[in-house]
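Read the structure below first, then the notes.
Chain IDs A, B and C follow the sequence of writing; residue 1 opens each chain.
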Amino acid sequence: MGILEVKNVNKRFGGLQALGDVNLSIRENSCHAIIGPNGAGKSTLLNCLVGKLIPDTGSVLFDGQSVLGRTPYEINQMGISRVFQTPEIFGDLSVLENMMIPIFASRDGSFRMHAIENMHNEKAVVERAKQVLDEMNMLDKQHMHAASMSRGDKRRLEIGMCLSQNPRLLLLDEPTAGMARADTNNTIDLLKQIKDERDITIAIIEHDMHVVFSLAERITVLAQGTPLVEDDPENIKGHPKVREAYLGEAA
Amino acid sequence: MLGLNNKDTLLLIIVAAITLLAPFILNPFPTQSAMAQFNAGYPDLMQRFVIFGIFAIGFNILFGLTGYLSFGHAAFLGVGSYSAVWMFKLLSMNVIPAILLAMLISGLFAVLIGFVSLRRSGIYFSILTLAFAQMSFNLAYSVLTPITNGETGLQLTLNDPRILGQVTTAEGSIPVTSLFGLEMRSTYEMIFGPWSFQFNAGYYLCAIIMLLSFYIAIRIFRSPFGMMLRAIKSNQTRMSYTGLNPRPYTLAAFVISGMYAGLAGGLMASMDPLAGAERMQWTASGEVVLMTILGGAGTLIGPILGAGFIKYFENIFSKINDNILHSWFAFMPDGFENALVAIVHPFVGKGWHLTLGILFMLVVVFLPGGLVEAGQRVAKLFRRRKSEKTSDESAQSKPAE
Amino acid sequence: MDAIILQILNGLDKGSAYALIALGLTLIFGTLGVVNFAHGALFMIGAFCAVTLSRILTLSFETVDPTQTDFLGQPLKVKTTYIEAWFGPEFGGAMIDWAVPLAILFAIPIMIAVGFIMERGLIKHFYKRPHADQILVTFGLAIVLQEIIKAFYGANPIPTPAPAAFKGSFDFGVLLGFEANAIIYPYWRLVYFAFAAIIIGGVFAFLQFTTFGMVVRAGMADRETVGILGINIDKRFTIMFGLAAAVAGLAGVMYAPINSPNYHMGMDFLVLSFVVVVVGGMGSLPGAVAAGFLLGILESFASMNQVKSIFPGIDQIIIYLVAIIILLTRPRGLLGRKGVMED
């Protein structure tokens, strides 16, 4: 039994079958990649996992509990963190503040009227935030305006914000999309390091095969809303069905 | 001090000093001098400064931090005024229960309106708050006349019960508002040479409450809660994917700012015990928006500056008439004098709103950060000049070595 | 039955005004993406175009008529308007009488010019700024415009009569087989409704059947793509702004006889028109028109005594109440598209 169990999930948009009978099981402490050509339903699947979309039928269990019908913040409180394709950070806030918010969220829950204490007197939170920034090699940028950073740094910050919550499942939506080669390699190294050092499950959606084969221990290929194959990376590489899905019938 | 860092403490002390010394600061000109028209140190106006300051501080907690632009905040001001006047009618002329009830009732209103309006954001939120405020205004004029006394406005009468206080004074007139016997209108006038300074009990009550409101606002700004509100303004998507529910945060901010508005309304009624529906009209809501933006939304001191600025110039500009203009430009040749008077005329006196509108547009276009940003720019300019000077000096001194 | 027809008719003229203003608001919002709080001011300026023209036409000079004397025995001073002196009393008098319809010709160039100046001088700098900033700057502009009008024309409403031919009322009841005087309706309001219908039809035809309109509609649907196609959309949007200003202005010109123009009429209508736009669905032109008439008629029904006796005060709040319900149950409005200003 995996930490995330997706069973018979269907989702239609009008006449379009975006997801058809998706079954997926992600083992705890593994790195699982979901790949597939454009329009295969990868993003729809991801949105069903985090509460942005609700599947028409089927079930999604995280650690034995259903996530369906829960809001994104409830799902996050269950232990799932999400990294977006374009980094979603608090641009108007400082880097340190960006890092403090998820730590407050983990400690205090989805809402706490915490209006009188000065936030910098929350020593434990500040310490933890600085510690995570240090792990991300961003401590020197802590007073920077988050919006003024480079895209690579924003990505780093976003991943750090997710990790600061000690999530059990980290979802990455094309984490290297639109990045230069150097930034991509940095991100791969960062993710490898995270994978090696922590007890964490990572699910990654990615186009870039270099990223996928550097990280994934298990790969699911999605095509036209349905899982085509699920196997280890070595077996995926030469798999005829995968070639067919990516290159069309002619191949 | 008081749980604030040094910078905030300094700010609070400066604001406190200015507010408490306002009767001196606002009356710099001798009473008989020609410049006396620029004096603003009389009780009625000073009270307005601080009461609108409270209103704007509260509005800024919502708009400045969360970015939700409410166009209906005057409704809470009106509700606060009505509640306070009812307290004077039913209970006693003491202002404390009136102010407390004003905050309570406006807070309840804010919970209700906020709960509904905050289901939408952006322009939809603005329209919803506007719709609620206009509904309150229209109802106050029509169906709710038994509570609001319609167009006349709610006033005290000699037949009010006032169960804990006196119904009429010994002279048979309506009693005045007071704080445990200290009459709000009582004023001590200090004559100092040609100057006269007025110290009004009502003003000092309002001023102390404003300082308290300001202090609480600083604490909110610096708290984790305040940071969450800024996070909402910055990125709601990240907020909810970080495990935080934005809605109770925005609702809390809405209710707090509604209660600030109610407090301001209650104080208004405490200084002058009447309440009219026009206080709830959307133009009144627009005014607090102007104050906050003009001063600098999202900054601590901005709303107070904006409120003071608008109320001061409203008072001064409205008083200027053609005679005064002629006396100003009297040193010029007649033709020039008349031309200048004709040019300035539309902007003063009754034309004050025109000046305000133009000023407001200029601020939005060129100074989105308001007066605070203007101050920062000037300060930066000076600092740069200074540093240029020092670098020049060091550059000059180097060859000599 | 007759009462219901009467209320529908009564709702039409206000509904027409709402629909015309909301149409312009939606055009500006849909094409330029700007929330224009100064649109009510354009409506007001239109109404004052009518006032101005009627004042220009009645400019007069005094002559002494030696054949007549006033009550003091002095020779009588007679005022003659220049128009009558130049074109003869018959034609000149007719022109004065028809000042309001004539003001349409007078108002079109003025409104288009005002629209161009507003867009090029101010609005254009706010395309990329947040909606809150757009609201604020146009709100400031609205204050400025209304104060300028107030400075010139004073604070009191200025009665501006319709041509004598349209004074009187039309007995609708007889036409439909009811008894006489059951449904009477002022002629001018009928004219207003017909006028609004023509303008609305004209705008829709313009958007539907001209290349220009096609590009604008494409731009409303997907601005970026049209920009990528290399079409100079900005210039067209400036023209759209002028058009929207002209629509609002004409709505104001013809409304002058119904409600004597005053300087704050723009703001009064603006608040309601925004509600109309939201109810109709932000960015939907048919939605704006439908919601305008719907709310005008609803408002008129709510002011019936029978309704008011059941829900006291309902006439004061009906529009806002409808808006709140719509916004909460159908956030996109009656005919709105998905994703308009939802972030």
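By definition in this document, contacts are C-beta pairs under 8 Å (C-beta built on N, C-alpha and C of every residue); 3 or more make two chains touch, one makes a residue touch a chain.
In UniProt terms the chains read A = ABC transporter ATP-binding protein; B, C = Branched-chain amino acid ABC transporter permease.
Every value quoted in this text rests on a predicted model; they were computed, and no experiment measured them.
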Please flag the chain sitting at the greatest distance from chain C, going by CA centroids.
A
Kindly work out which chain lies most centrally, taking the average of its C-alpha atoms as its position.
B
Between chain B and chain C, what is the separation of their C-alpha centroids in Å?
35
How many angstrom lie between the centres of chain A and chain B, each centre taken as the mean Cα position?
46
Interchain centroid distance [CA atoms averaged], chain A/chain C, Å
52
Residue set of chain B touching chain A in the complex reads 3-5, 219-220, 222-228, 230-231, 233-235, 237-245, 248-249, 252
Would you pull the chain A residues touching chain B in the complex into a rising list?
50, 71-73, 76-77, 81-82, 84, 88-93, 97, 100-102, 104-106, 108-122, 125, 161, 165
Would you pull the chain C residues touching chain B in the complex into a rising list?
35, 122, 125, 131-133, 135-137, 139-144, 147-148, 150-151, 267, 271, 274-275, 278, 282, 312-313, 316-317, 320-321, 323-324, 327-328, 331, 341-343
Chain B residues touching chain C - in the complex, by the definition given at the top
67, 69, 116, 119-124, 126-128, 130-132, 134-135, 138-139, 141-144, 282-283, 286, 289, 293, 346, 350-351, 353-354, 356-358, 360-361, 364-365, 368
